[in-house]
Amino acid sequence: MGAGAYLLSIKLKLKTFPHPGEFLHIKPTSEGNDPLLRRAFSIFDYDEQNGTVDVLYKVFGRGSAILSRVAAGHVLDLLGPLGNGFPIPEKSKQLLLVGGGVGIPPIYLLAKTCLRNGHDPKLIKFLMGFGKAEDCVMGERVAQLPIEQALSTDDGSRGHKGFVSDLLKAKLAGGLAGDKTVIYACGPEGMLKSIQGLAKEYATPCYLSLESIMPCGLGTCLGCVVKQEGEDKYLRVCREGPVFEANEVEL
Amino acid sequence: MSSPNLKVNIGGVEFANPVMTASGTFGYGEEFNEYIDLSRLGGIVTKSITRHERKGHRPPRTAETASGMLNAIGLANVGVDAYVRDKLQFLRGLGTKIVVNVAGFDIDEFIYVVDKLNGHEEIDMVELNISCPNVKGDGMEFSSKPEIAYEVVSKVRKICDFPLMPKLSPNVADIKPIAKACEEAGADALALINTLYGMAIDPYTWKIKLTNVTGGLSGPAIKPVAIQAVWKVYNTVKIPIVGIGGIMDYRDVVEFMLAGAKAVQFGTANFIQPDCTITAIDGLTEYLQQRNIADVNDLIGKAVKI
Amino acid sequence: MSSPNLKVNIGGVEFANPVMTASGTFGYGEEFNEYIDLSRLGGIVTKSITRHERKGHRPPRTAETASGMLNAIGLANVGVDAYVRDKLQFLRGLGTKIVVNVAGFDIDEFIYVVDKLNGHEEIDMVELNISCPNVKGDGMEFSSKPEIAYEVVSKVRKICDFPLMPKLSPNVADIKPIAKACEEAGADALALINTLYGMAIDPYTWKIKLTNVTGGLSGPAIKPVAIQAVWKVYNTVKIPIVGIGGIMDYRDVVEFMLAGAKAVQFGTANFIQPDCTITAIDGLTEYLQQRNIADVNDLIGKAVKI
Amino acid sequence: MGAGAYLLSIKLKLKTFPHPGEFLHIKPTSEGNDPLLRRAFSIFDYDEQNGTVDVLYKVFGRGSAILSRVAAGHVLDLLGPLGNGFPIPEKSKQLLLVGGGVGIPPIYLLAKTCLRNGHDPKLIKFLMGFGKAEDCVMGERVAQLPIEQALSTDDGSRGHKGFVSDLLKAKLAGGLAGDKTVIYACGPEGMLKSIQGLAKEYATPCYLSLESIMPCGLGTCLGCVVKQEGEDKYLRVCREGPVFEANEVEL
């Protein structure tokens, strides 16, 4: 799955097709108390026939490293689906889907869901950002979707050299802005910040899926909060989010 | 064997079993409604409430550590008025005992908040979080000095309609005189421990992991410290003790009761297994049955020196 | 990049690198000779020595806890005379700095032991274990009150030939005044932290796991408490700090140095990986090289608030 | 391997054939700090050709439970061989070997070593104690040795009903006592205590392999000590032991 990225297929029958943007809270180990807490991973894909949920993740620290060594057939301890996902857009809207690195999974599921719902493929554009060419394999499942796609790498080793927000800006500047368009994005904080800026600049509706350290994932520890824009208030990323309207949160 | 008795009486309140949830780790109960049958809990201790609403600290507010976690939530809460108005109603119907945890930065605040709670029958007990910095004094925690602990507890005791349970900090050289002072001030029970001071720094980014710099350490890492505190206090006071700190399952409940606790609270464990409390109640029942112990109270303080 | 400088100067003693071994976890060095090249260590801190030989407590003396362990060895040691006679000779030849940890149950004992060490050139520094119960006082640890800490450190300072480094206990409400008192008493450096009080009970047999009932908690579980203590003391005193508590690898060394430590000690980790110190020195070197940091001293206290 | 008992075969080339009574100090997990410490296990057997060390163990607590779930091919973190094993007896001696439960491994290795050295099989008696019949499979490798064997179970479900020390007592009372005999024993503390008593009563040389909580296994933590008989002194089980002369230690 590209440099340090892994695909985890979990046998898990869900009552309904998962909502894009929802996440699973997975305990990296069943042995001992260290690491202690569950980790959040977006649902990447769901296979209704076989009842398997896919998660696409990067080895970041201890928990994800342990997950990457879990043997096939291992029984995982998880909670979910949790959180509030992306609002499904009206069929008439032009969709600009932006995923950076391991922010791609929920955006992929959104694209797939929209297509399943009969959204016109021509109205969906998928923009992907990666560090370098090797990471791009992460987007292989996206590549199979019958929609327009573009990609960027930080070092220019494949696609546009630069940030995926450059690709978005080109689209917006090229006319795909305003009320008839909706931007959906997930990725590193820096990327979300510039997309938030672009959405404002081009007055285009925009939803962002945020990351945050999530001890409980249940809305109870108040650890995962993000500041509400313009209000002296914090919102729980695990409960009110992880998807927020771009102008609702202060990044 | 017939079902063992799990009931424990703390300060005149009869809890259906010794398993409660710890303040700040269970919200106001609502979030857990979809995971467990709340009526089965011995009690719910709600998040610390203060005079005014508090937004809490800027994130990041938590960091994981070895077998533990740090938190600096900053006593985020809705404030006592909203608590009484919006939260009590949900709690009232649950069929479990409701313990309201009260925090304050000076004695007036404790008194103000408790006074607002007085008269509300849905409340069974007040837990006094005296592990906050005392802004009027030397900035130390109320529970770091026996005199200060005595003062706040005795003043609140005078005006409080409910049984009163101060919650002690482990960040002291000797917890015994603090416990004794609370007992003498009229406390009906003692809850211990609150979190240990801790801090963490990322060796790659050099950043301190919490915006608030230091935070409270909880989880299995601190269980030995908590067991030791319960044992010491059990051998010092006569009032019941509610043990807290790193409890994950029924074996930890037994360990705390053997050390001298009459009941326990699950904190961090709720984040990891939302049904940990229910599993522990079941496990405790089976444990007693297998050993033909008819009454859970028979465990209290029965640890044996070797 | 050329090799970064790892040398650190503490109280006038130049250590080849900031990695030492903690008292009581490395014996007198002999046992590790077959596992590691002892000459590569920054320093070895030997097991606490007292006036007379001490056999230590009846076993069991240790118990494992979540990411930690409890010990109540009971300051078992050969006594100062045998130490000087039998142990110094081995230590002399090692090519690393030798820090002798001295314990005592009253001030006279500290003075007696240090006096016996005076004049022995193979010793580079004395670490004063003031985390023992003060039998002449109120039974509390010497390092639990600033006045007592001041008294013992200033009296020992007067007669001690070597740089003097008191070792502080974390079992206090506020470590800052204790650290300050030691500095004012003439300490050349401070070592922190010693173990936290803890206890464990077997839920199946009901037995307290240590014969001594309570013990000292060490290991990764206590690292957040230690980091916090180092950070607070770093912002309080000017003398160098040696950080201890739950250090397992070079990343932990970096974390302690960012918090304000000039050097560190590996304790419990030696039991788990006898070569942990050497691996950490190598890891630290690589860490500095990768970041183009020419001097390890540039890490000290550089943690960034967010 | 019988109720809750496991055989662990570790690929490990040793410089020399291990000395019976030596142990390995094994880290139950490589992930996280809980459980923290290594665990001690006696060497049960060594296969020189393949370079594999066998360990026979019972699931007792967390560490051994984790070991029992380790997948084949897993790389274990271990130290050893450590400790001082049994002194090898002169060939003329009558050997009474006594193993209780998971105390059997070092005694088996001692029997095998003596046989390899040319000790007369007729001079070796192997007495084994178990809880119940199911546990007896633990002795299957012992059963292949060409020496006299006897066994007991606590509940009488197989062999003698009672303690293995009863079997020993019968041998001693039957004339196999005194200076020409050597007793070697490993097993639970209660068993060792009664064997210590019997050795004294029958004035027969006796060596015991002790268990003790061993944080370091290296002689440095002073955690594993046992009281020296008649002296105000403690001995380190990991370093001076785990094998001691029976009259040297206070149990």
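Each chain carries a letter (A, B, C and D) given by its place in the written order, and its residues are counted from 1.
Quick note on the criterion: a residue touches a chain if its C-beta (ideal position, glycine included) is under 8 Å from a C-beta of that chain, and two chains touch if they have at least 3 such contacts.
As the structure is a computational prediction, the values presented were derived from the model and not from experiment.
Visitor: Sort the other chains by how far their Cα centres are from that of chain A and give me the top one.
Guide: The most remote chain is D.
Visitor: Roughly how many whole angstrom separate the Cα centroids of chain C and chain D?
Guide: Roughly 37 Å separates the two chain centres.
Visitor: When the centre of a chain is set as the mean of its C-alpha atoms, what distance in Å lies between chain A and chain C?
Guide: 47
Visitor: Mind checking the centre-to-centre distance between chain B and chain C? Centres are C-alpha means, answer in whole Å.
Guide: So the centre of chain B lies 34 Å away from the centre of chain C.
Visitor: What parts of chain B, by residue number, touch at least two of the other chains?
Guide: Counting only residues that touch two or more other chains, chain B contributes 60, 66-68, 219-221.
Visitor: List, in ascending order, every residue of chain D touching at least 2 other chains.
Guide: 32-35
Visitor: Work through the pairs of chains, note which ones touch, and then classify the graph as line, ring, star, complete or other.
Guide: Topology of touching chains reads as complete, every chain touching all others.
Visitor: Which part of chain C faces chain A closely enough to touch in the complex?
Guide: 66-67, 220
Visitor: Within their complex, state which residues of chain A touch chain D.
Guide: Residues of chain A touching chain D: 29, 31-35, 62, 66, 69, 71.
Visitor: What part of chain C is in contact with chain B in the complex they form?
Guide: 60, 65-68, 70, 140-141, 144-145, 171-174, 196-203, 205-208, 211, 213-214, 217, 219-225, 227-228, 231, 246, 251-252, 254-255, 258-259, 287, 302-306
Visitor: Inside the complex, what are the residues of chain D that reach chain C?
Guide: It is residues 27, 32-38, 79, 212-213, 215-227, 232-234, 239 of chain D that touch chain C.
Visitor: Spell out the part of chain D that touches chain B in their complex, as residue ranges.
Guide: Spelled out, the residues of chain D in touch with chain B are 32-34.
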